[in-house]
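Shared between the two complexes below is subunit A, which has subunit B as its partner in the first and subunit C in the second.
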Partner chain A sequence: MKGFYTRMGDGKRVIMTKEQIINDIHAGIADAADMAGVPDLKADEVDLLFEIISDKNRIVGVEPGKEVVLTYDIGQLDFTGDNGNSGNGIDVGRRESALLHERALGGDTFELAHADYSIKPVKPIISNEMQAMEEIQSEIIIPFFYGAMPNSGLYYAPDGPYGNPADLMREFKIEEAMQAAEFTAEHLARDIEYVSTRMVAAGADGFNFDTTASAGDADFVGTLKGVEMLRKACPKTYIMVGMAGESVMGIHGSIEYKGEVVAGKYPHQQVKLAEKAGANVFGPVVNTNTSKSLAWNMSRSVTFVKECIRVAKIPCHVNMGMGVGGIPMWETAPNDAVTRCNKAMVEIAKVDGV
Partner chain B sequence: MAVPHFMASGMGGIRSAGDLVARMQFSKNMKIDKAKEYVAKKLGLSTLEIADEHIMRELREELKIGVITGVPNAPRGIAAKMNIERLIDTKINSCELFREVTKR
Partner chain C sequence: MVDNKKELREAVIAYKVPGIQAAVEKARKAGMPAGDIIDAMGDGMTEVGILFERGKLFLPHVLSAAQGMKSAMEVLGPELLKSGDASTKRASVVMGTVEGDVHDIGKSICSTMLQCAGFDVHDLGRDVPKASFINEIKAGCTMCGMSALMTTTMTVQRDVIEILKQEGLRKKVIVMVGGAPVTQAYADKIGADIFGETASETTTKAKAINK
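Right, the complex of A and B next:
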């Protein structure tokens, strides 16, 4: 059997024929187009996807002149974190990590992060974070953000003051569950304003809201309101809003931002809300299905993201970590798969950054 | 994840002009092509050349906007960013704060 070495969504090596790859490309495109109501990719784009996947080289890349900007989430935790963050477990300082990304790893931007990488736990140590930002800003040259997940899950019981919607819904307390989500959104927005404006006052170039809407629609609304407050307080600061998935989960179900229900929004709709809130850069996310092939996942991700880029008025930096952007859900994501997804996003979806 | 992405499509930060392009994306909401054209025009280069390490290495040292190697007396941090502000006609938050505390 003549075939091509490729991957599954969990990273495992498989051999697929040309026909199987082409079929999976079409199926991935159709899945995204059907879910989000976005256009299919064109025939020449299908051909290019096949060419990228079937390339005989381990590593592929974009043509010279098509380079894009590389931004990060999770900051220095890629070195210092444990395997929960896919970190290396190296107890290197945050300053050293930032400068290494600038001078050795080709970062166009970088960010400072709390070990828990969430807004809420930053509050009690805000002075410590401000001091670290001031110190690093005196030495770094590339745009240096503060980054954190809105992570509104931390505001629900047992970690926070509000009832847990999952528990309340199990008890058929639907109204109470919705109210808890609404309280959480408002609390999150206030905390975002508190943390982000102080980090900008310490010299941060801006703020990266990472994994937005990970706790669903109220998380998204709270983040957008927080972004709005930051934009009002700091009109020139750089704001990046990166998402958690291709569709916003309806934990509340009907919570709105500027008159629009946010549950069920796809990347091309999410970006419009980020624009309204005042973001400068949007980070679309498409999750990987581990049971499907790289061809299926890559094609599906590119289809979602291409439409997002087409309608966006602001630049978009697509999320391409382990398990997103078509990349296999595997801690040591295979480089052949990572570079193929990267090339496809840049040359077909036309992303402004990764 | 940084290395394969940088190798596949990254501008390379201060190896080339990636930091300058990023600043235009974030400060002016410029999409990638427009941001690269803006920076290229300011540097007197083509959009292909601003991602070329061979061209940008010496130019960055000459413009005093930061290089990846440890060159004595080459501006780093706030000093390099103040030069970047002038070069691409933008304001950088940490430089604004530096001016405020030093009354310059």
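Right, the complex of A and C next:
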């Protein structure tokens, strides 16, 4: 029995036969197609997926000429954060980190970020952030944004003024929970406008909304409204909207953006809402299932994202990292899996950037 | 009776409390036994769980359906007792997001689904001290569900299992673990009994172990 070295979604090394890999590729595609109502991948794309997974080299890459834009999120935190926070535990300043990403790591864009990486905590220190932006902009050449997560969880008790839907729903106070989510969406939009317009005024080339909808559908609506406000105030700024998962969680369940219920939207539907709000770039995200193989996760992710790219009118930079884009949920994502998933996203889903 | 069963099931899937109450009332008037009404609603709730897992229904909808079932049980419970058909709870479960971690959406969904599946759920919320899990187990819970959403807090699941061993309680309790960074391999490593990738998977495994 000939086997191929591959991985599970939790990073565990496994040997799988060609038949097992092909079966998992088909199962992953079928799952995405079924969940999101998107087309299956074609036979030649299945063959290419198998070819990528079964490649004998540990690291794979795209053919010359097929390279795409490499954007980084999370700012300096990929150095300074702990392993669980996608970081490496290296204490380095924000300026040094920005220049390292530009001059050593090949980043085509980078961003400034607050240690908490959320919109809300930036408000009281906005002057510091503006100052840092201005200083780094004087040295850096690549587009340099400000990045933060909308993270509307910080607006709910115990961290914020509104009742926590998780607590309220547990007590079956469903109406109150929905109302809290609606208030939060409005509050978040106002805070996004406050923070983002000031950062653009300080010289930011754009704003990256990272992990949008992590707290559910109201988080997504609040972000889209905030994007609208930023677009109105700064018509020429560059706005990226990156998501938290392939499907928008319905914590409210019925909240709408421009007449559409946003809960349950998949990447090919999410991107249309981001376009309506005024985003320049969309970042689709597909979460990894740790119990399934790399073949299953990679093919599933590519299936979701391919349709997103097909319908998008704006460029899409897919999120590729620990636990997303088919890459295993592992503190230090294994390079064999990282490069395979990236190659598949570029060559099959035809993403504009990663 | 077949129509009543179908109506009850569909009313639960439609998740509106007044609709569920009306279907229950109609079934009672038609002489349907309380146990059968509950079973039909249970079928509907199972379907709600499937639709939830598939992203077609969301947490408020699941809870609204559960609320409808809860209000129906206020009427059906005493009837069950009278008829001597009262089914016992499957098991008492202490649930919580471990200390240092405030992410509890997934855990709350899991608690609700376990409740709907007939478990007696003691949900301690988030940032739950290790001792609180132990105290609930000492007070009679035979299952313990711990959620952790961060790599820095998932180790608390292992700590609680170790305390259970030290206090001679480990064999008396079924330990369930879950949360984004938690995997089957990690669950095996720390000696948990059940790993759930999703709330539905956890509930299915909990039901299977409690048959």
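Heads up, the rule we're going with is that the second predicted complex is superposed on the first by the 353 of 354 C-alpha atoms of A that agree within 3 Å, B and C clash if a C-alpha of one lies under 4 Å from a C-alpha of the other, contacts with A are read in each partner's own complex, and residues count from 1 in each chain.
In this text, contacts are C-beta pairs under 8 Å (C-beta built on N, C-alpha and C of every residue); 3 or more make two chains touch, one makes a residue touch a chain.
In this text, all values refer to a predicted model and were calculated from it rather than measured experimentally.
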{"item": "Touched partner set for A:Pro284, first subunit B, second subunit C, both or neither", "value": "neither"}
{"item": "Subunit B versus subunit C as contact partner of A:Gly242, first or second or both or neither", "value": "neither"}
{"item": "Subunit B versus subunit C as contact partner of A:Gly325, first or second or both or neither", "value": "neither"}
{"item": "Contacts of A:Gly147 with subunit B and subunit C, given as first, second, both or neither", "value": "neither"}
{"item": "Residues of subunit A touched, compared between subunit B and subunit C (which is higher)", "value": "B"}
{"item": "Touching partner for A:Arg170 - first (subunit B), second (subunit C), both, neither", "value": "second"}
{"item": "Contacts of A:Leu105 with subunit B and subunit C, given as first, second, both or neither", "value": "first"}
{"item": "Where subunit A meets both subunit C and subunit B, residue numbers", "value": "none"}
{"item": "Subunit C partner contacts - residues on subunit A that touch it in the complex", "value": "9-10, 12, 35, 82-84, 158, 166-167, 169-170, 172, 174, 177-178, 216-217, 247, 249-254, 263-264, 289-291, 323, 329, 331"}
{"item": "Interfacial residue positions of subunit B with respect to subunit A in the complex", "value": "1-16, 18-19, 21-23, 25-27, 29-32, 35, 47-48, 51-52, 65-66, 68-69, 76-78, 80-81, 84, 91-94, 97"}
{"item": "Subunit A contact footprint on subunit C (complex, rising order)", "value": "54-61, 63-64, 66-67, 70, 102, 104-105, 108, 111-112, 123, 125, 150-152, 180-181, 183-186, 197"}
{"item": "Of all residues in subunit A, those that touch subunit B in their complex", "value": "59-62, 64-72, 78, 101-109, 137-143, 200, 203-206, 236-238, 240, 280-281, 313-315, 320-322, 333, 335, 338-339, 342-343, 346, 351-354"}
